[in-house]
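Two complexes, one shared chain (chain A), two partners (chain B, chain C).
Then we have the complex of A and B:
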């Protein structure tokens, strides 16, 4: 089980990579969202936000009304933010559960794929 | 997404332009005015399918549900082959709709029929471009489009019936008359409800989980009313030649409102494409993207453009739909009749598969949360498999009320190609993906020895 600190650290890496990627900045244009992350094993919650193509810092707890809710194990969150896990595969297998639109699913997956695989 | 938009999505996806041709074809299979009985029987069967999809959607409320319940119920290779074959239904419906809208515009404008291919190309190009630009039809636009199509179809049907000047002849005798084929007419009737279940791919967007389930039920009821009325009117006022044409809905419009009716129905036919193209392209392209991401399609299919749209699947779908639409036009009348039969077969097949999955998952995942459970599942699923299997078989060898194995051949070829791809190509793709992953260095720092963290 990943700790809150591990998830925050992993997100920090992800945030830097995503914010430094000019292609991702184009992809996230107009996609301003508040996302709640919920760990299914440890009951932790976090809030992240995308505004003006920029990922804000992660905030522990559920803040405000979310546009998207992502539920996964703490290990999967940490692995995903480090780029060691294919979120699409985990989504299809049901290990990552999303409440949001199909566009939200695409953008979240695009962030991982473009930031780490540069496809 | 609320219940209203979920219902309009479910109804709109089912009520494609191909609906008019399938409804007109159905009328030729039974004694004229009795076609509504076949639609009623098909509606009852659609309710059985609704039960199956309701249970499966409740278990897996996700856009990836079809992959989850199929791979849970059967061998993953079989599941993937069936899913790829089913995916062709979407290409088929998009192609057919583009062709039918093109044919309707050609007839309404009174221009040479050769221009149908041009309209088809323009429509598909518009659909591809709007998809590539990430344009998604807003829920309220979808609500209005579906309401307009249904309202216009119902009004035109009622006025055409009222203006016919003679009463219904055989409203309660589906078995009477020469060349009656009740089983095939029911199979076509099932096709009139087809795609109502596609709304399950929106399971993550609805405000309340039960909305998808209720929306599908409401859609089946609405479709029964609209289609029963339309087929009664079609059977009552059109000749056999008009029924078997590519634009029976325009003839119906003409019977109701003269020249204005032709334009009205041409416009309505065009509006149906809003839902079909929007739903079809988005559903199929996102599925192909996810399949590529899990390593079952070449990585090329997971390439995104600057609007986070998987552009290769969208382009491939547009091209495949155009080629199919042109083939249909070149082949002529029999072409779209084969298309309708292929669609009816695939839809009945997927309903039988859904029944099988419900049954199998009850045994394999007995403790899985099921917000909606099919009652008396054993006999119902057994009946579902038998009935939908029979309907699939019958419609695969019948075209325009004649024995014709063309649909069966088309499905066998697509199925064989899917099977070959899954058995021969997918393992290589997955091995290559595994090799790529193995070559990547793990980025996440390892935990210090003995420092396994617990919950914070």
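Then we have the complex of A and C:
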């Protein structure tokens, strides 16, 4: 099980990589959304805002109304943010669950995969 | 029906309804009934999933229906066979995906079980002569290319959400989208050449034609009809997610059994006469190698449930209106040969492989594990598609086999080159479909002729997977198109059923008027 601190630290790495990626910037254009992360094993929650093609800092807790809710084990969140886990594969296998409009889910799936590939 | 004079049925599998089944009081104009003619409320042309589904809905509504089928079997583009070594293979459509509720509920009703397509293990990518393994949707040996391909898929998927599959031509940019081929979109929007190849391979697998042959508007409408392009190419979570124990044709066979002698096989329709009030369908029946015998069905309505391009072989009298007549000249079928290689066991699984292949060249560019649920033997299924199929048209069965087995050996090792059995079906050579999996619309067709795709012509309604608003190109779309055509027929004759006569003018002309 990954702790809240570990997830926040891993996200920090992922955030820097994503925000430096021009392909992702293009994919996120016009997609201003609030994403909640929920760990299935430890009940932790986090909030990530995407605005102006930029991923904001992660905030512990569920803030506001989410557009997409991502549920996964704490370990999978940490591994995904460290770039050690193929998010699309986990999504297809059902280990990572995305809830939201099909367009938002589609976009989050694609951008997490591009972040993984361009690591 | 019991009152039909003996010997009047023109065939051993004739229809149940002769004069006594005639519940429609208005006769087609100008039709002179002849000895041997069969009458019905509705004649359905084609006993694939769309025609059978239409017929079933109409029979359920109380109408008399005759289904006329060219082949000696039902199922159309879905055809299950048992090979000499006992492998059950689907030469045509075979998969069930999430969201295909028409197909899923039909299978459940008939009691056909499904099981997940085998996806455990690594997929294989063959690229520039090298072999790589990958997991997930897109080959990752070149991460930049993979990221480009995913970004391109997302672009297409997002664009598709704005296209109404029922009326793609109403999109505000329809003209632009419909004069752009998928190939030119890829050239303008996908930088990485390897990513372009990935998109091409995906398109080959879905449509069976090259990206240059497809209108972007058509691709977006088609993708939206199945959710998204990425859903169409997925196994788990997509159109190839599940399979049917015993094959995909069983539900068609069960539908036909339910229709009984209403289904007339070996009866290719050669002519359709139509007028304001009715339709006369003429087939040439071939039974027992004898000379073809004309077989006529006179009905109030027709549901023509066959690929639009194949309708061009029918002599319509009077001719179809211009929009319909020209539409069916512009709906070419994809070029696909589907092959199965059968092995004593699914040996690739022992090597941690899923059986899936994506290749940038060759004959076997798209391959899946098609072994039975108990894995009592191993089967690889794949497609030779588009330009690859056409290149191999002259090669014949041996040439195709050699080309495919060479590719399979490159992917899975020499064992894959020595199957116990190899079967394939070049759909381009199938006379009554002329290709597969679906009609592939080029530029200008949807904006120029789109509304003619579903619009009835007089008493003739159209069904078939090409006509479906959702899951066009799939079995599910065929079923829904048949149900929709049946509903349209019912609405056109007054929306009510039950004996038929109740919905028609009393005192209308009867048989005696002829």
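Annotations for the structure displayed:
Note that in this section the second predicted complex is superposed on the first by the 116 of 119 C-alpha atoms of A that agree within 3 Å, B and C clash if a C-alpha of one lies under 4 Å from a C-alpha of the other, contacts with A are read in each partner's own complex, and residues count from 1 in each chain.
As a convention for this text, contacts are C-beta pairs under 8 Å (C-beta built on N, C-alpha and C of every residue); 3 or more make two chains touch, one makes a residue touch a chain.
Model, not experiment: these values are computed from the prediction.
After superposition onto chain A, the modelled positions of chain B and chain C overlap sterically. Once the two complexes are laid over each other on the shared chain, residue contacts for A:10 go to chain B alone; chain C is not touched.
In the superposition on chain A, A:79 contacts chain B only, with no contact to chain C.
Once the two complexes are overlaid on the shared chain, A:43 sits against chain B while remaining clear of chain C. Taking chain B and chain C in turn and counting the residues of chain A each one touches, the greater count comes from B. Only one segment of chain B in 205-213, 331-339, 367-375 or 439-447 runs into chain C in the superposed model, and that segment is 331-339. Within chain A, the residues touching chain B in one complex and chain C in the other are 23, 26-27, 86, 88-89, 91-93, 102-103, 106-107, 110, 113-114, 119. In the complex of the two chains, the chain B residues touching chain A come out as 60, 62-64, 67-68, 134, 136, 201-202, 204-205, 282, 286, 289-290, 293-295, 299, 302-304, 306-310, 442-444, 453-456.
Those residues of chain A that touch chain C in the complex are listed here as 23, 26-27, 86, 88-89, 91-93, 102-103, 106-107, 110-111, 113-114, 117-119.
Chain contact summary for the complex, chain C toward chain A: residues 135-138, 140, 143-144, 146-148, 150-151, 153-154, 157-158, 161, 227-228, 230, 234, 236-237.
Chain A meets chain B in the complex at residues 1-6, 10, 13, 23, 26-28, 31, 41-44, 74, 78-79, 82-84, 86, 88-89, 91-94, 97-103, 105-107, 109-110, 113-114, 119.
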